[in-house]
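Here come two complexes built around subunit A, the first alongside subunit B, the second alongside subunit C.
What follows is the complex of A and B.
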């Protein structure tokens, strides 16, 4: 990840598009944030480092016909592939600036590691984050503040790009580890799983941040969690309503979620929402050999069918 | 069975208009004895059954949910049940992840002439749900 090189590439792309979506410095030294660049003068605000946690592909469906450049990491590129698969964006309207990535820092985990103190300055030394707070300098290993997705990352290099910043890199993570957390939970008893989710989901404040951040939640203002006709959900804040909301989110992403982790990043209550979607993805892989966001020519499994399903058996009573 | 022992449980059935609803009707016309726990919701096609219908039923405290449509290849709309099969299988595997017993959810195919098969399905499913007992609604369990 090289800040200067990305500026050069963005400058080249900028002349061909209306806007480039990239990363800028956030409100303090420990946060990156999305930034929209339309003029050459704005290039200086660009950054490219492990603080670039967001999935910028989320903005693409709402860009409509605007020609847009976008900076994506490997995981984010899967979102673009999925959006293309579903016809939600058009390839000719997007210029993809790919960034090979060895992992980002979760702002939430970083803040926790620093005791939630104000960060005055922050720099990177190899795989170390050196953060200065009122308590002095603290060195934190990047690996320790990885969001969960980075621990099992299979696609460090974008799957689709027009220009690449730096050299492609290969994943060194075990492919079997991707669904390790789901398998672990499935290894527990039904009652334990029920208790686990009741405890987690009970914290939900129904702020809908997970939905708003989700790059594949494209219903926008027509989301059935908010419509009054049909009235799927009331405004009550009971556990069953929260459960229902997460059911909606997970099922609407069935066979579509690209595991970018935006829902978990956005969640203010630290609910492991990604697990719900990963469980369905795991089943989709088992049943239909389908993985979202890896091949543009694929069709999401629930958008199609086979007359003879090889792996779906009839259930006996 | 429900009418003899225990209290009646809440089982929701989504039946397609063309086959399974007809099958249930055939069973009725044939005066086959059936348990009374099932509340039938008639839908145009099993393809109309959004997995969220089932989810909503469970979240609101249903003890069991049964979905039945035309046999594969016999769909009145030619391919509705093929889509349904994929969605319902996805749901069947997802429910236990959240702690809802997959045995509480069943989907099957019953044609309009299969009154007997309908009777057997609804009887067996109801028996299974009675064996599992009522499902605790989250709030009830936490006493709020």
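What follows is the complex of A and C.
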């Protein structure tokens, strides 16, 4: 990840598009943030380092007809592939600046590692994060603050791009590890799993950050969790309403979720929402042999219909 | 009755237990990696290390509450005649919130002029709740309380201010309700510790960044505030979720819905968020704020222009949660700085 090189590439792309969505420095030294670049003078504010945790492809469906450049990591590129598979964006309206990535820092885990202190300065030394707080300087290994997705990353290099910043890299992570966390949870009894999700989801405030950050959650303002007419879901803040909302979200993403982790990253209450979606993706893989966002020519299974599915046993009539 | 008290660290549990006997006690507890206000019980995993993820606003202004229940009743003589029975319960019990932060306590002062006279539910809870605040030893990511007339040891809105010292907690009574708390038998004389507490207050105050100056007198440039271009640039990255408003100690907007079963139901008031598209959706189909730019403008305007015009105070206590937990780092303090006369509208730094 090279900040200067990305500035150069963004500058090139900027002349061909209305806006480039890239990364800038966030509100403090330990945060990056999405940055919408429309003028050359703004290029100086760009960054490219492990603070670039967000999936910027999330903004693409709402860019409508605007010609948009976007900086994507390998994981984020799956979102673009999936959006293309589903016809939610048009390829000719997007210029993809791909960034091979060896892993980013989870802002939440980094904050925890720094005792939730204000961060005065931060720099990277190889795979180390060196951060200064009022308690002094602390050195943290990037691997220790990886978001879960980076631990098992299979696609460090973008699957689709127009420009690549740096050299492609291969994954060194075991493909079997991807669903390790889900398998571990599924090893528990139904009652234990229910208790686990009830405890986690009870913290939900129905702020819909997970939904709005989700690149594939395209109903947005028409989401049935909020519609007032018809009034599908009660506005009570009870556990059953919260569970209902999260299950709707998860089921709407069956065979669509590219496991970018934005839902989990966006959640201010730290609910492990990615795991819920991964479980359904795991089922989709078993039932339909389908993995979202890896091949533009694929047809998402729930977009098609077969009288007899090969891996689904029909009920006797 | 003492005005200053002290609790050694090992006496904190007995103090909380004693409070829990007198009040429905709400305390910040560890909940996974988050901290949430929960009813105190034996074995509660109390966490005083940092502010809770969400303000304790919900203790007095719950996220959702039934204003009344209704039931349709058919007349036994003539089933065609249907009568509606209404039942409203105003909350009654005594409660206490311990270890909210000064910005959390101040939040209630901002809600008061809106609800106190108009709303029996809020009024009843507010009057019966004792607020025991924990002073902040240092600022947390995003904090800017000193820019909005507050401070890490500000007593506004609190009944007691608690300050962590080396071996215990210094307690200062701010109101009569606070004096009643200091009468607890677990509380020792605090006078010898006052100086140490004041020293800590001063040190913490100096560490909080000043995001803009002027406090309640912050001068918002009308030209910039009314510029659509400004708001579109500022909100390009906004996801239009409600994290900022729902974690906020001062946001108070609500929605009212009838949650019905077949022949009975509740009229529920629940938090609503000006960040949502539905918030201003009118029955006619028209929506005056259909895009995120005017919605975020409303949030900033409400806190820094409209509310101050009406009530003479800013509707923001600088807790920083909307910055700290925003998924994409919207920074309201920076937006206000850019809007203020000192800010430079031509300089785009993102927000």
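In this text, the second predicted complex is superposed on the first by the 313 of 317 C-alpha atoms of A that agree within 3 Å, B and C clash if a C-alpha of one lies under 4 Å from a C-alpha of the other, contacts with A are read in each partner's own complex, and residues count from 1 in each chain.
By our rule, contacts are C-beta pairs under 8 Å (C-beta built on N, C-alpha and C of every residue); 3 or more make two chains touch, one makes a residue touch a chain.
Note that the coordinates shown come from a computational prediction; the quantities given were computed from them, not determined experimentally.
With subunit A as the common reference for superposition, the partners subunit B and subunit C occupy compatible, non-clashing space.
Contacts of A:270 after superposition on the shared chain: subunit C is touched, whereas subunit B is not. Legend: residue contacts after superposition of the two complexes on their common chain; A:194 is shown touching subunit B, with no touch to subunit C.
Within the superposed three-chain model, A:35 lies in touch with subunit C and out of touch with subunit B [touch as defined at top]. In the overlay built on the shared chain, the residue A:144 is in contact with neither subunit B nor subunit C.
When the two structures are aligned on the shared chain, A:90 is found in touch with neither subunit B nor subunit C. Panel annotation: after superposition on the shared chain A, the angle at the CA centre of subunit A between subunit B and subunit C (CA centres) reads 90 degrees, nearest 10.
Between subunit B and subunit C, it is C that contacts the larger number of residues in subunit A.
In the superposed model, A:240 makes contact with subunit B only, not with subunit C.
For the overlaid pair of complexes, the smallest distance between C-alpha atoms of subunit B and those of subunit C rounds to 11 Å. With the contact threshold set out at the top, residues 238 of subunit A are in contact with subunit B in one structure and with subunit C in the other.
Of all residues in subunit A, those touching subunit B in their complex are 182, 185-186, 190-198, 224, 232, 238-240, 243-244, 247-248, 250-251, 254-255, 276, 279-280, 283-284, 287-288, 301-302, 305-307, 309, 312, 314-315, 317. Only residues 31-34, 36, 49-50, 53-54, 62-64, 138-143, 207, 233, 236-237, 239-243, 245-247, 255, 257, 259, 268, 270-271, 273, 276-278, 281, 321, 323, 325, 327-329, 331, 334, 348-350 of subunit C touch subunit A when the two sit together in their complex.
Subunit B contributes residues 51-52, 55-56, 59-60, 72-73, 79, 82-83, 85-87, 89-94, 96-101, 106-108, 121, 124-125, 128, 137-139, 142 to its touches with subunit A in the complex.
Put simply, subunit A touches subunit C in their complex at residues 19, 24, 26-28, 30-36, 42, 45, 54, 58-59, 108, 111-112, 115-119, 134, 199-200, 203, 205-209, 211-213, 220-221, 226-228, 231, 234-238, 262, 265-266, 268-270.
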